[in-house]
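This is the structure I have questions about; it appears just below.
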Amino acid sequence: MRRKGGSAGNENQFVDIWRRFKRNKAAVVGLVVFMFIVLMALSADLFFNYEEDVIKQNAMERFQGPSAEHLLGTDQYGRDMLARIVYGARMSLLISLSVTVLGTIPGLVIGFVAGYFGGKLDSVLMRICDMFMAIPALLMAITIVAALGPSVTNLIIALSISGVPSTARFTRSMVLRLRGEEFIESARAVGTGDLRIMYKHIFPNIVSLTIVNATLSLGSMILASAGLSFIGLGVQPPTPEWGTMLSNARNYFTDHPALLLLPGAAILITVLSVNLFGDGLRDALDPKMK
Amino acid sequence: MLKYILRRLLIMLPIILGIIFIVFSILEFTPGDPVSMILGQDATPELIELKREELGLNEPFLKRYVTYVLNVLQGDFGNMYASGNSVGEAIARRLPVTLELSILSILLAVIVGIPLGVLSAVKQYSVIDIFSILFAMILSAMPGFWLGLMLILVFSTKLGWFPSFGVGDGLRSFVLPCITLSASYTAVIVRMTRSCMLEVISQDYVRTARAKGATEGRIIGKHALRNAMMPVLTTVGMYFGALMGGAVIAETVFSLPGLGTLLVSGITAKDTPTVLGCVTVIATSISLINLAVDVAYAYIDPRIKAQYASMGLVKVKAREQR
Amino acid sequence: MSERLLEIRDLEVQYLTMGSTVRAVNGLSLVLNKGETLGVVGETGAGKTTLALSIMQLLPKKIGRIAGGSIVFAGQSILDASAREMRSVRGDEIAMIFQDPMTSLNPVMTIGDQVAEMLELHSEGRDKKEISDKVDALLEMVGIPAERKEEYPHQFSGGMRQRVVIAIALACNPTLLIADEPTTALDVTIQAQVLEMMEDLKTRLNTSMLLITHDLGVVAAMCDSVAVMYAGRIIEYGSVDQIFESPLHPYTIGLFNAIPSLEGKTHRLIPIEGLMPNPAELPQGCSFHPRCTKCMEVCRHQSPPDFDEGGHTVACHLFGADKEGA
């Protein structure tokens, strides 16, 4: 913990991490692909007209194959597949990113408080986490969405809540481990206050791991939101979302496999790129992990 | 050992009561009235009031919670709002399907995942290693329901080898659902086994075995595998919950009459007794599986057995620390 | 002249890591006679363990590689032996005791099974009963009651575990025992017990021993001859008397000055300045020259040859013909 200017040390650390990250080719590919998907989702309006291409049904153009006008063909209502997939990316990323942020922050706070102060408070918080964790996250989310009614907002709320307990447990275990470390003991020995120890010594040490964990959970959140939409508890048609698109394709896919392949491939590629990026990030931080 | 199991069962009880409480509260304090759903929009206020009285919904929240718990302890899960059928019976009828599905899926995941992970570690950086890493990566990035639909497309519609829905065809009905459900689980097991084996192989006691002149097969099979199985087993247990969540989706894709589909139908109808019953049974089975994993530990690792025997609670405490 | 058991000539061992080649052993030569105990002394990183693993052919796969030289054991070249032949040599003829008893036993096997495995692998004993009797005898021999053979490593203390490791190593009556810092991880009082036991067993079983250590006290107590290792090479070799009475190499002298002595007046300890060179970037010439107080011009450019005087060998430009030549 020898730091002179604070920021200089941090910069070095990031340069170091980036250097290690760059060596992992798969992770770099993951990052590039993911950035491409994000850019595509952000710039969707430049290429498509939401009302015209994504929502409006066109009975004359059902189930078309790829053409110059519709690069990936059309769906069962004659809507452009590419446009729907691109807007679907926007929806998936919106949901999964908000869930990751909204689920991580409360979990971080709870885990921090439980781990740092320990005692009765810790036991109570952890018992509650145990209860939540005994219900599978997906079932929990299903129950909450069902109770609140299916909508994008409720889907985000449900998935966020179901992610809180595991983040809390993870944070707590890290705090517990750090609390026993000698540099914390020595900070306490020279009379540093609780808040300062938390902010100055513990928080910086867990923040990187938390980011890695959040990145790694991003992929599973994309999968979960697609799954919930698939069983009808998420994004409602005609709003394009990959899970919803697959669910709607169920009656047609045997004759028109493209309706099944395209949205599924979109999910697979997105999750794969996020996971590769997350794994690379974790490995780049590895020296601190073990 | 027995004392330890009993102790764990005792700890389980309050957790399950808490789970029931959580689900009870979610269903209670969210908008949407089950009675108006049962009776439809045309029901008169008098009729609704009468039905509420009949279902006991006018009692205070806590009293209903306590009554429900007491009934469950006697094996009574109540009746469905809409049909009046016994929830307990419906669960009993559908539980075997879900159990068969999840147990077969775990077996499949273990049978495929562990050997692949071991091979991958033993032949690190070989073609087989690269293949299994890619295999695991793709499986874990694939949505289960999509895999299920693709399997239906290829193996039911095109090839006609396996049925695409229901359980009418015995074990054959379970082939596609099991592949669907076990996919992400297999990925986790492959990765976990690989990394644990790599770690164990570099341990001193493996070098000792080599110094004894043991063959590679014996070193892997007898010395490394058993030590590497500990964390793998933990993972198998930990992901059982996720598997039960995945079962809901797999059952939906293949229209299997299991707990998952019962739960989804109960949720959409706001049928509180059905939802509560399903969640309780699922949560209990997850807790039981975790207990079974901990007991299995003791048979693999003598250090843990000694710990259980001496002070039953230590392990539980140790887990909390993690 | 007594019979040669192990003869190593010009051994070169390299580790390939992340694009750089680490030269862990550089032209090492040594000879071990039957029934003799040779102490190999040196600082951490001198290549002592690499030497031991090379003799066992247990260098880490893919990374470690023997780049040159020869190892001849009982008249046969170990480097030319097939994997199968090596397996029958390991444990049966050459056995090894590892540094850390806490980690070198399999935590999920009973100690009895771990001793028995050695016997089974080298078919010492016809049936279960005979093997089991032998296990009992071996455990008793190292001072562990035979009833405890059903217990697991975690139920034993470090000293007791090292006894188990020794029992395993001696199970098949090996002709050569390689002990890699066998007592470093133990408490001082236990160290003495274990050493005494090893000395006793070695004499009884007439085993030759290669004792790797950084502890000169252990060497004085156990060894017949000593090889001092520095940066992957033996820089001085001689009988215990020769080395302890009249060390020649500045490094060896430095080692003796760096340990406190109970006898005689307390004088200041003189540490050797600097650190062992990074084996990936060995200095030119004599690898000790950057730390040597008697460094000469020639030392910077030319690696010193061995100079032999009545069985006392030293690799230093201060001695031998070089002195005049330089």
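Per-chain residue numbering starts at 1, and chain names A, B and C are given in the order in which the chains are listed.
The rule we apply is simple: a residue touches a chain if its C-beta (ideal position, glycine included) is under 8 Å from a C-beta of that chain, and two chains touch if they have at least 3 such contacts.
All values derive from a computational prediction rather than experimental measurement.
Compared with subunit B, the chain whose C-alpha mean position is the greatest distance off is C.
The leading chain pair by number of C-beta pairs in contact is A-B. Rounded to a whole number, the gap between the C-alpha centres of subunit B and subunit C is 53 angstrom. Our note on geometry: subunit A versus subunit B, Cα centroid distance of 22 Å, whole angstroms. The set of subunit A residues touching two or more other chains is empty.
Taken in their complex, subunit B has these residues touching subunit C: 203-205, 207-215, 223, 226-227, 300-303, 306. Residues 56, 58, 86-92, 95-96, 98, 100, 103-110, 117-118, 121-122, 152, 154-155, 165, 168 of subunit C are the ones that touch subunit B when the two sit in their complex. Put simply, subunit B touches subunit A in their complex at residues 14-16, 18-19, 21-23, 26-27, 30-32, 137-138, 140-146, 149-150, 153, 157, 241-246, 248-249, 252, 263-264, 267-268, 270, 275, 279, 282-283, 286-287, 320-322. Residue ranges of subunit A in contact with subunit B, taken from their complex: 126-128, 130-139, 142-144, 146-149, 173, 176, 219, 223, 226-227, 230-233, 243, 246, 250, 253-254, 257, 260-261, 263-264, 267-268, 271-272, 275-276.
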